[in-house]
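First, the structure itself, so that you have it in front of you.
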């Protein structure tokens, strides 16, 4: 069975629920959401108005789930959604929406537009309208275990090098520990120093933890492309590994959508609650800080600012923790205008970065971040998502801005009080 | 038909029909939404969905600073015409009488010169809103027939009410009849259009706030 | 005769170097993994880094090129990774570190260059499948010792 | 009565002083919204006016209008103006009866053909002419016959002007206004239940003065008297504007003389001179005695949804309708909601598992 228009429309019908119906019923076409969307503000093209990105799904709702709409359909005065329209909307739904949810914060009638785009992608994927790049990533996620094709031996090689550099072991497949760490492929490939950083922090704080060789991948292409059963399968792998290792917590790494997938969507995708808890690495670090298990020394003197990854802050609820942590290690921490839950997206989330077709608009959308940075002129930019990080580096380079992008976890690791050395000297 | 007959028709059968369509339509649309239901969230909550939902119902009335700066006209004009409309609708003595007749209780009215001025300001604002809808590229792009229809049936009672109050053009009973009929037109159109947002926005805001509140975010 | 046997000593020794020396030491680390990078821009800017008499302007220009190369080389999120190309990316990153003015990188520029060079080596080992853990660091200890003793 | 004497002569015979006469002229001028400079001209014209012949027909009426005109507490100039005209036929007032009375009418018609003024009070039943007859002549026939030679017709009272109470629902006699029958004569409507006496005399005075009928509004009423609403001239208007209303007839607001709008006052839609000329020799008008205006000078005032219900209020039982509508809407909504749920369940059942092989669409 292959993707088909019919399956797509059927999928739209499956997605309708009370919130969607309430949202569509409430829209007054005021256009405020356009001003919340970086794809509109940076292009000025009204088709990027967030609510417009839902138009085909709205029509399915109206024609199938509202009395007047059904009446209009029966009278033949409403035109059904066509496959050509879905094709037209494909770029709006995948290339120019990062699911950042800023529009959902601004809509005066309270429409959670990002919630609906997430649902709309189910129908788009089922009707064969997902972008090539995301399809490839999703297929690799299922067949290889990583959207970027990172296999266990690669991770093992990285681990071996970390172990050699740090002179300690990185626990893999250790049963009965408290925490199971997930990693994003991005971290394994582009930012392997993250593994070293986290190892050092955990050694410092005395955390009992492990990485699972069966499910080390945190990302979930299934929720980006919008196929719940694929997303559920990826979540199941993590749940299975966590259950086998009998851990109490699963740690979501510095990746935005991974947190959304494992923390918030996961239990709903697999249809049952977890018997472990999911924490974001920043949540854990801040908890360690308050309990005194994480001690840092020295402060960065550079002017630092923090970019909130949308799925971690606005859509995930981890907002205060990174600020607490940064203040611990930064002497000059400044907020961007509109930070925290009103932060502007980097422009590459929600699968946009995996979609080569979106490259041009992705870099255009970055200008919004540039404008934010221009207002405060930081020396360095800190974030907690590898995907944001790559996009930020990309955009900064493109705009010839000399601002390094740093990982918050790595900065913390660089400022650990060196008790490990003392311990190391004792037998 | 004499003007008194017209007025009596407007106050009588027409109002009955309009009331039935209005309330029946609203109930149908609200229940159509609610009955659809939603799945329980199985993820462990960080905050209260109910508290978040209730909070957002209130807080969404106050835009964030960035949005206010970027869409100043939209927000200010929106505030003015909504407030104006509700002041005129709910605080004008003759209107309160209708509500008292319907509900069995009333409330104090405010001086008529204030109502008069508010009406004028609201009408002018609505004209500006229409101009904005036509000129702003996003709003023009998004607008459908029903957006203009909704605008029309909203401004009509204000205009006819203003004319009736000042008895301009026609005899008072005719003007009042036209005014009442224009309100009935609004009532009839209401459940079929985006005007439903007056009711569904509470649901939309609640759901939005509940989804966010569950995750510990104040949306 | 300085001898370096572990990262602590290595890091301490690097921290003791001034800006020019750090750059030259870093250039040395990059050079030993340069063969992993196919982008010729890196070889070119590395020469600048390795030149003790390089002007500030030349260094700044080289850093810019190195940065641009790094951005071009990374693997995009969700796209299929190629570890050989990834090795090149880390070489480019090491070059950036080598050319970055002192104090602008946590842990020091030479240290970061060394780390990235090691990652380049690791990336290669993922393709070849051999266990090379520690080889590059040992190599770097020797390089630094030689540098300090020269 | 003969038509030989001028009006001035007659008035002097009646003992009216020059001063009293001029006062009346001034009042007339002001009511007709004429400048004071016109007073001498009015006086002159009235002095010289010959007593016009007036035929007064009473159809379906209560005699209230006549009572209003004749039951003044003391002789007034208005009253005397009536004495000055040649009231050649008025079956309530005239001494003659039976055949003699009808003869008086036909005589007056013949003698003054084309010049006499026809005053009508009461409505005309058209459902069955026999519902109201005078001397065996139906009202309709009498009106049509008498109207033929009239210079102008004055419909006195709301019944003659708009059908009035006989015309009210369900209107068993098929009562209609004069203007519904006579189309080819100038008709001046002087509605009110009853109309203010001075308005009638004022209209007559103007007709006598200038020989023309006064400027009329859309309902045929002299603008001079019916140009402003009761509400516009009401001394309680400031309370309306401030939002101060009597809620019941004996509350504090009622005692303080607040606006009676909520008690059903029709002042805002009623055009009449009550608030300025007042009644009972300028003593007061209904609102002054604490009662809302009934709107008696307006068409169909009897059918306006109740005297004590404000004009903006629903006439029927809107609460019951609302409750039924909400109930029916709830039932329909739940039913339609259930249909939607079933539709969604069907879609979920029809769901085919999306696998990674499915993602690429067959082209």
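Every chain is named by a letter (A, B, C and D) in the order it is written, and numbering of its residues begins at 1.
Throughout what follows, a contact is a pair of C-beta atoms (placed from the backbone, for glycine too) under 8 Å apart; a residue touches a chain by one contact, two chains touch by 3 or more.
Please read all numbers here as calculations on a predicted model, not as lab measurements.
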{"item": "Smallest count of steps, each to a touching chain, taking subunit C to subunit D", "value": "2"}
{"item": "Most widely separated chain from subunit A, with each centre as the mean of CA atoms", "value": "D"}
{"item": "Chain pair, A-C or A-B, that carries the greater number of C-beta contacts", "value": "A-B"}
{"item": "Centre-to-centre distance between subunit C and subunit A (centres being mean Cα positions), rounded to whole Å", "value": "30"}
{"item": "Euclidean distance of C-alpha centroids - subunit A vs subunit B, Å", "value": "38"}
{"item": "Inter-chain centre distance, subunit B versus subunit C - centres from mean C-alpha coordinates, in Å", "value": "65"}
{"item": "Inter-chain centre distance, subunit A versus subunit D - centres from mean C-alpha coordinates, in Å", "value": "77"}
{"item": "For subunit A, residues that touch 2 or more chains besides their own", "value": "16, 65, 67"}
{"item": "Multi-partner residues of subunit C (each touching 2 or more other chains)", "value": "none"}
{"item": "Numbers and ranges of subunit D residues touching at least 2 other chains", "value": "336, 340, 344"}
{"item": "Pairs of chains satisfying the touch condition", "value": "A-B, A-C, A-D, B-D"}
{"item": "Contact footprint of subunit C on subunit A as seen in their complex", "value": "133-134, 136-137, 140, 147-150, 153-154, 157-158, 160-161, 163-167, 185-186, 189-190, 192-193, 219, 221, 224, 300, 302, 348, 351, 353-356, 386-387, 390, 393-394, 397-398, 400, 404, 406, 410-411, 414, 421"}
{"item": "Subunit D contact footprint on subunit B (complex, rising order)", "value": "2-5, 7-8, 11-13, 15-16, 19-20, 22-37, 93-95, 97-98, 101-104, 108-113, 167, 171-173, 176, 180"}
{"item": "Touching residues on subunit D, where the partner in the complex is subunit B", "value": "218-219, 229, 240-243, 245, 261-262, 268-269, 298-301, 303-305, 310-316, 318-319, 321-322, 324-326, 328-330, 332-334, 336-338, 340-341, 344"}
{"item": "Contact footprint of subunit B on subunit A as seen in their complex", "value": "16-19, 21-23, 25-32, 34-36, 40-41, 44, 46-47, 49, 51-52, 65-68, 104-112, 115, 263-268, 271-274, 277-278, 314-317, 319, 337-338, 341-342"}
{"item": "List of subunit D residues in touch with subunit A within their complex", "value": "336, 340, 343-344, 347-348, 350-362"}
